[in-house]
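Please find the structures below.
In the two assemblies presented below, chain A is common to both, partnered first by chain B and then by chain C.
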Partner chain A sequence: GLRRCPISMDMRHLQESFQDIQRAIQANDTFQNITILSALDSLQGIKPLDVCCVTRSLLAFYMDRVFKDHQEPDPHILRRISSIANSFLYMQKTVQQCQVQGRCHCREEATNVTQIIHNNYNQLEARVAAVKSLGELNVFLAWISENYQDGSA
Partner chain B sequence: DGVAILPAPSNLSVHSANMKHLLVWSPVALPGETVYYSVQYQGEYESLYRSHVWIPSSLCSLTERPQCDVSDDITATVPYNLRVRATLGSRTSAWSTLKQPFNRNSTVLTPPVVAISKDGFHLVIELEDLGPHFEFLVAYWRREPGAKEHLKVLRNEGVPVHLATMEPGAAYCVKAQTFVKAIQRHSAFSQPECVEVRGEALPL
Partner chain C sequence: VPCVSGDLPKPTDVTFLSINMKNVLQWNPPEGLHGVDVTYTVQYFIYGQKKWLNKPECRNINRTFCDLSAETSDYEHQYYAKVKAIWETNCSKWAETGRFYPFLETQIGPPGVALTPDEKSISIVLTAPEKWKKNPEDRAVSMQQIYSNLKYNVSVYNTKSKRMWSQYVTNHTLVLTWLEPATLYCVRVVSFVPGPPRPAKPSEKQCISTLQDQTSALKVK
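Right, the complex of A and B next:
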């Protein structure tokens, strides 16, 4: 695909951090039959041209909403979430540079995808939605891994 | 109240080499007493979005030594704030915070320790185990005028690696540097090391 915005990331560490907390997080998901990211088959249908925009939007979704709405008492899980959040912040800085250079344009199709995610999130109480979205990080990480294979560590 | 009676640790600094980050400080000196220390950190995400959130270091809660390996806490290439406080019985000091946030991209990368050997006519290299962050760029060449330099990228699996098949009567040299993708930096090259293969050089 067209790599408009190569992002350097430590994907192995990100996935390890998530797998370490996945069971604990998903155990707190009280609405197992509802999904926020996973419902989106369209995430798979994102065109290379829109990859940067969707990446930027989903990073912002997690940074501005999910991590903020989640209150984590367990220090071990808190460390893992912090690791992921700070890794996303690092990625976000790269994406923002691409945006400044005009290499991260958002078309309507891409904007619609992330709007659906926000709408799904809004259907639930913020903390419940945050736990569910954290539990679905594997969907986002798999999508990133697939779309940035040469950029991942 | 008793909270601030205990003096706070001072002179915090981070010594970082090859992605191992050690927070050190001057201990609180109370003769005859054992003072304990606790370390907390916050990444740039926390300082930007949740500045009240400080995370207990994974290795240093109530530790006796005036140092803490924070390598497993510093897991992204963004600035991290670090702080320490002292504890003696029920008394705790104020927090002392590192003056400048620490970013792992400032770690010192040293040339790798390289061991080369001969296994018959095979040139074999063994590399230092520096952990999962590290790749090695290995350069090797036949020691003769105008020799071409060959390059190989290795991840360290902790086992000797075959580099080349050598010709009798020739000498071969090797040097290596590390590369850390997470911070997009590499070390200087190690000093070249050479080995020679006994025997008659093959007729051209």
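Right, the complex of A and C next:
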């Protein structure tokens, strides 16, 4: 779980990057009655043993779906999103090494959580879902920060 | 009586002021209506739910704040709130907050600070702030229970040498050593949680003097 795959990452810089663009992105999310990550009972209930797998799955969710589906006109916001994506790329490499070394096993509970998130995403048109997922990055970053406190820089 | 919406300007600067999970919605009166007998009505929304909810105690109120702590007490959910101005049969459109996430946005209040001096040291005992609670008789929940990574930034000021220094501590006791005897020191403490920056209110400045150095006192005799 957590200790077996520590990720050293400057979480504060990541969270500051997002905080800088949070209001603008969330203002573009007009579907207040739907959440993607914020079904927090799913994220908060993750056991330490499943933290690595969920981290790997959610990093892939953002890198392979959200950042690809999102089209951002504002250069400032785009720079911030790129900075966050680069940090996620670095984290992905760390987590993938853990997987190669057999330290990032996926159990059913963890797979179910990420499936819920993908199902939520599929409810909406891709660009709308991408904006909503970006607006909920604070939830994911808070979860990473909480679960990798010692592993963080 | 339904009011005609949009004839009044909206309230402005609608935000949550949140300290230790006491979440108060506050706003400024609409521009140009100072002195007019305006009242306000508030609603709130739990992100991901279906509809806006009323807060009966904040319906047609004169004040420009509304305590939504009970309604937003599940700090791992996210919320919106909105307020409109009403005057006679006219009312404004709703003025809405951004998405509010208590877990990441609440200010962590200062800890309790107890100082005990010795000749060349001062012992500091910190007590974590308490989370807001609905009723005084409810069981107290420490903010430490919510934020296991809660830390404190202790600032110390030597009033004689005018020297100041500070240090981060994670546990609740700290002994300042190598101090000068019979010297007044002042201490201020700020609570801190790693993560996105949040405003922080320091503790009241507390000053205490280290004791007279007994060895020099004996020589004098």
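Rule of thumb we're sticking to: the second predicted complex is superposed on the first by the 150 of 153 C-alpha atoms of A that agree within 3 Å, B and C clash if a C-alpha of one lies under 4 Å from a C-alpha of the other, contacts with A are read in each partner's own complex, and residues count from 1 in each chain.
Just so we're on the same page, a residue touches a chain if its C-beta (ideal position, glycine included) is under 8 Å from a C-beta of that chain, and two chains touch if they have at least 3 such contacts.
Keep in mind the model is a prediction, meaning the values are calculated, not measured.
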Three-chain arrangement built on chain A, chain B and chain C clash or fit:
fit
Between the C-alpha centres of chain B and chain C, what angle is subtended at chain A's, in steps of 10°?
80
By the touch definition at the top of the document, which applies to A:Arg23: first (chain B), second (chain C), both, or neither?
second
Between chain B (first) and chain C (second), which does A:Ala85 come into contact with in this model arrangement: first, second, both, or neither?
first
Of the two partner chains, chain B (first) and chain C (second), which one does A:Gln44 touch, if any: first, second, both, or neither?
second
Once the shared chain is lined up, is A:Ser8 touching chain B (first), chain C (second), both, or neither of them?
first
Quick one: classify A:Gln32 as touching chain B (first), chain C (second), both or neither.
second
Is A:Asn138 touching anything from chain B or chain C once the two structures are fitted on A? First, second, both or neither.
second
Please work out whether A:Lys68 is in contact with chain B alone, chain C alone, both, or neither, and reply first, second, both or neither.
first
How far apart, in whole Å, are the nearest Cα atoms of chain B and chain C in the superposition?
7
Between chain B and chain C, which residues of chain A are contacted by each of them?
12
Touching chain A in the complex: which residues of chain C?
45, 47-51, 76-78, 80, 98-99, 101, 103-104, 148-149, 194-197
Help me check something: in the complex, which residues belonging to chain A touch chain C?
11-12, 15-16, 18-19, 22-23, 26-27, 32-35, 38-40, 44, 135, 138-139, 141-142, 145-146, 149, 152
Listed in rising order, the residues of chain B that touch chain A in the complex are 42-46, 48-50, 53, 55-56, 58, 73, 75-78, 80, 132-133, 181-182, 184
Across the complex, what residues on chain A touch chain B?
8, 10, 12-13, 17, 63-64, 67-68, 75-76, 78-79, 82-83, 85-90, 153
